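Common to both upcoming complexes is chain A, partnered first by chain B, then by chain C.
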Partner chain A sequence: MKGFAVQIEGLHKSYKNVVALQNITVDIKPGELFGFIGPDGAGKTTLFRILASLILPDKGKVELMGYNVVQHYKEIRQRIGYMPGRFSLYQDLTVEENLRFFAGVHGTTIEQNYALIKDIYSQIEPFKNRPAGKLSGGMKQKLALSCALIHKPEILLLDEPTTGVDAVSRQEFWHMLQNLKKSGITILVSTPYMDEASLCDRVALIQKGEIMKVAEPEVIINDFDHSLFGIRTNKMFPLLHDLNEFKLTTTAYRFGDTIHFVSSKDANPKKELISWLELKGHQNIVIQPVAPTIEDCFILQMNQQN
Partner chain B sequence: MKGFILKEFLHIFRDLRTMLILFGMPVAQVLLFGYAITNEINNAQIAILDHSKDPVTQEITYKLLSSGYFQLNDQLSDASEIEQAFKKGKIKQVVVFEPNFAQKMTKDPPAVIQLITDASDPNTANLLSNYTQAITGDYLRQTSGSKRNLPVINIETTMQYNPELRGVFMFVPGTITILLMLISAMMTSISIAREKELGTMEVLLVSPLKPLHIIVGKVIPYVILSFINALIILILAATVFGMPFQGSLVLLLLQSALFIVMALSMGIFISTVSNNQQTAMLLSMFVLMLPTILLSGFIFPIENMPLPLQILSNIMPSKWFIIIIKSIMLKGLGIAYIWKETLILIGMTLFFIGMSVKKFKIRLD
Partner chain C sequence: MRIIFYIIQKEFRQIFRDKVMLPIIIVIPMVQLLILSYTATFELKNTLISIVDHDHSVTSRELISKFKGSSFFTIVSFEESYDSGIERIKSGETDQLLVIESDTEKKLARAEKTTVFLVTNAINGSAASLMNAYAVAIVTSFNQELIAETLPGIQTAAAIQTETRHWYNPRLDYKTYMVPGILVLLITLIGMFLSGMNIVKEKELGTIEQINVTPIKKYQFMIGKLLPFWIIAMFELIIGLGFARLVFGIAVEGNIALLLSIASVYLLVVLGIGLLVSTISDTMQQAMFISWFFLVIFILMSGLFTPVESMPEWAQWINKINPISYFIQINRMIMLKGSSFKDVAELFYALCVYAVLILTFAVKRYKKVA
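For the complex of A and B:
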């Protein structure tokens, strides 16, 4: 069992009568940057809390570095860094005091592990005497990451670290994760942003408490075996409705300022589609083949499962 | 651990409200209680019922009225008028001289002065009767020298409406108790609940810290600050209000420390069952504060309570602590007399610490 950093087998968790997670099975290799991708309410936070030994699974086996989250939570807590979805540092303490405190809690000092956090911490070090509550969203995330890293964890659990952070900071954050990966830390990230999936080594698409697919992001995109078109007409508003009534439609959904249309398998419905839309009174019809993104794959997966 | 305690101090010192509650409130409360109780008495309205009307009674009456403390409101002629005089609400005290007062004083001592005092306000009543006794005693010494051994005048004091006259020097023990309880229990329970509310508890739990570490780290700053508070209250009580101080200071401080730890462990226990600051605060108020004030004997004498409440008062730690402080401060008793109360407090402390450690959740709900 030593071969995996994280091993989850047949995990179930429900709150009263709401099923939060069901039948989760996934193995994560040491040193992997692994993403759990799914919309809000998919069960990501519950999963991360179970991994952090903060809540107990109802059923199934969850092991981190060979330690079971139920019996060996003490060993696990010494070896993981956990960053909850909500900003969870002391807002009235300064940047440096927060970091020093979390280092102390883990029996280490900032100086001892400075090398590990240098890349990240040096960006917020100019503000080290500022109360954490007064930092910007991006800086808060950097501080939280520094605090989660200061004790040199073997596994880093980041629950939605980029939610509520601006696009530039998000990019920076992922860049930092890529760098961290080089030091051999296994990193688990959850995110509702589909575009971040491509930055992971492997991702699990998670929806309504179930994992739909686990694979490398490229594989997931390659597995998209339908034709995908971006469609625009002069009447965007009824377009989605009209497309959904078209007989060859697998699924259609808004995507930016176009509507993505997935035809049923192996069909090339362009001609029929144009005449259908014209029949419905659309003009200036633009239909372009589009390369699928993870989001397209996610929606298709979701569609197939229903 | 050191880091944890340091962090806790920073939380306290950076929050103005916390600091105000910690240090502003005790001073304000002691001063309030103190000044409410040491009000000087000036021109208290009294009535005189002189059955004797001889030179001695007239002399004493004159002395009383010229002292500045008393003002004659009414001359009564019959005992039946006393009740009526009180009911008008103006007079605070009736001084009654028995018939043939001067004669009795020399031939068949003691002669009796009866003081009937409106003790619905016990503090004033006590002061009035003390003043009257002092003035009469003064008069005696002046007239007869200090040779006589036998008291020639006997003063019988009747405290109307509140015969027991409780709560005279209760204010300091009571205030110390309430403040220590409030600060210790409420502040710790709130500070732990705050960690839960803000999500920092989640991070603490995931760290290798043991529950005991978290609890002790939380408690130590408040132990120190509460102890400083207790000192402030005692110093104020002694210097500003001249609170009598009979017993051992060391013993009193040790007992205060014990009570502080007790209150803190209660606070932690409360925090283990509340998930946010509001709940912690309300629980502290209703579970700790109100019973402390109402059932500890601070305001209402326990002996006067119905039996079920008397029994209930036994589980109030504050009851035992008030007994302890009173014994040490007012009666000057040593540990030999209060070991039982001390043991009860120690037992309660251990119970709450044990319960807190046991109930402290190592996971989220």
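For the complex of A and C:
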């Protein structure tokens, strides 16, 4: 096997005046489950469409299994499975017809590669005569994954596969990906859900068309070198504003029903913070140290870049 | 080859599954053929005429009875004066007004010249000229009879007499003229709309994304997309020819195989235009509008309703790029005249060149866009 499954170097892409991607450089190893994590509009879909050879990069080198997306797109298309963010199978064809069609145009059959999709497809097989358009969101997603897998691709590109899918189905989906990984397929996933990052082998945090950091999720969390507190008081509404005016604040943001407060480096501001908040008229102040999540890391990264 | 088969199989599945499209494709064209062939006619029956008879003589009554006896005219009223007759035309109760002057009979008896006055509502120009021609024909034949009666000595028939034979359509039946033309229209609609819309639909629904990442080659995709509609349109043409034979009694005078093989080339042109439209548009709405724009121009200029020869010269030049005009001409020639390949060869070669040009252009553009 070649050195890297996916190699991206200095990739730029812009649409007219809008820069969608800039200076993207990342290498992905064969068999890796790699996540691109970033909010909507970060450029994830553009990146995946370039990888799928659907659009051309402006600048930079993009290679999948040693094949360049510009010159060797034909070889790439034989070897990738792509699942776009938007459901793009034929809604008026049945589950089985869709699968047979995509198997057929790849020159294979369902039977030939059944082993690979068995886990996933067996769940929707009872509905194989139902038009794809009449499936639930979770089932659609399983069908789309089956269709992307039916020709036994070496690399699987999943663009926001869990967006708009319920929590249970999301969990199931990631479980399926872990199983697929065992068969040696390199899997690239993009997602706006930060909590899904910990399920990947490695992740790239992507924001405004740029990669902020590439590392294992644990490493990213370990690299969080500030103190982080969850804060609640009796006056939640002005709390965020008051925290932002505090001199030792790096950043503060809403996180569920508390506010996460990141202090400036190496400071232990608890006492000062309490007196500051009391000065601002807060009562019942609860300040608890919390363990950082990927989302906290992402926000801190974003903050440091600005 | 296998890949093309899979695409065609998928297309037919989708077409036959669509409970709205299927009847549109199969039934509606036949209904259109029936309705349009019966209604799109320039024949005049029942021209409404009012008469102002100032003479009240035997002669004037004889002339009036000629109009009464004609199947083209229905006398709606007798008017006292020219003015009240004009009022009738204004109000739309009548189309024509015949005024017979007083003293007509007396003048005729004295072998003097006399005139009748004919007023025609010319809102619809072509209908007016027809009404006029019919009325003048009646008056002329009445005139001949009068001369023969009153001046028996004179050889009226000495002048040149015309006898008319209408070849290829002996009874001047408009249906015979319209049916071949409307048949062409129907297969054009199927070919141009369905093919163009079908590809745009994949764009609009996003399914083309999934197709594009497969190893399907562009030419395979296009053949797979166009061939089903080529087959449907040919099938429809054959059914339509059967309809023409059974319902209208219009048999194909010429060689059916020749007609079908020229149709197969013509359909390539039409499908090529459909493909071109699909490369220009992103949504079905756009495709629909662009197709309609061209179709309306092509249809109205095609010679389906009005003869191409009477259009201004520049319009005849524009018609050189109007595929419908070529095929309507060919279809009428083969169906009605029984023309052989030699007669239509020039038109056929033009269609061939057209097919090659438009398909090359459409494919080139398609490759660039997708």
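Quick note on the criterion: the second predicted complex is superposed on the first by the 305 of 306 C-alpha atoms of A that agree within 3 Å, B and C clash if a C-alpha of one lies under 4 Å from a C-alpha of the other, contacts with A are read in each partner's own complex, and residues count from 1 in each chain.
Just so it is clear, contacts are C-beta pairs under 8 Å (C-beta built on N, C-alpha and C of every residue); 3 or more make two chains touch, one makes a residue touch a chain.
Just so you know, these numbers come straight off a predicted model, no measurement behind them.
**Student:** Following the superposition defined at the top, how do chain B and chain C come out on chain A, clash or fit?
**Tutor:** They clash: once the shared chain is superposed, the two partners overlap in space.
**Student:** Thinking of the overlay built on chain A, is A:I110 touched by chain B (first), by chain C (second), by both, or by neither?
**Tutor:** Neither chain B nor chain C is touched by A:I110.
**Student:** Examine A:P84 and indicate which partner it touches, taking first as chain B and second as chain C; both and neither are also allowed.
**Tutor:** Touch partners of A:P84: chain B and chain C.
**Student:** Could you tell me if A:M302 is touching chain B, chain C, both of them or neither one (first, second, both, neither)?
**Tutor:** Neither partner.
**Student:** Which partner chains sit in contact with A:S53 here, chain B, chain C, both or neither? Use first/second/both/neither.
**Tutor:** both
**Student:** Touching A:E97, do we find chain B (first), chain C (second), both, or neither?
**Tutor:** both
**Student:** Hey, what residues of chain A end up touching chain B and chain C alike?
**Tutor:** Comparing the two interfaces on chain A, one with chain B and one with chain C, the shared residues are 52-54, 74, 77-78, 80, 82, 84, 86-93, 97, 101-102, 104-107, 147.
**Student:** Okay, in this complex, where on chain A does chain B touch?
**Tutor:** Contact set of chain A toward chain B: 49, 52-56, 73-74, 77-78, 80, 82, 84, 86-93, 97, 100-107, 147.
**Student:** Contact residues on chain A for chain C in the complex?
**Tutor:** Residues 52-54, 74, 77-78, 80, 82, 84, 86-93, 97, 101-102, 104-107, 147 of chain A touch chain C in their complex.
**Student:** Help me check something: in the complex, which residues belonging to chain B touch chain A?
**Tutor:** 2-4, 6-7, 10-11, 14-15, 198-200, 202-209, 362-365
**Student:** Which part of chain C faces chain A closely enough to touch in the complex?
**Tutor:** Residues 2-3, 5-7, 9-10, 13-14, 17-18, 205-216 of chain C touch chain A in their complex.
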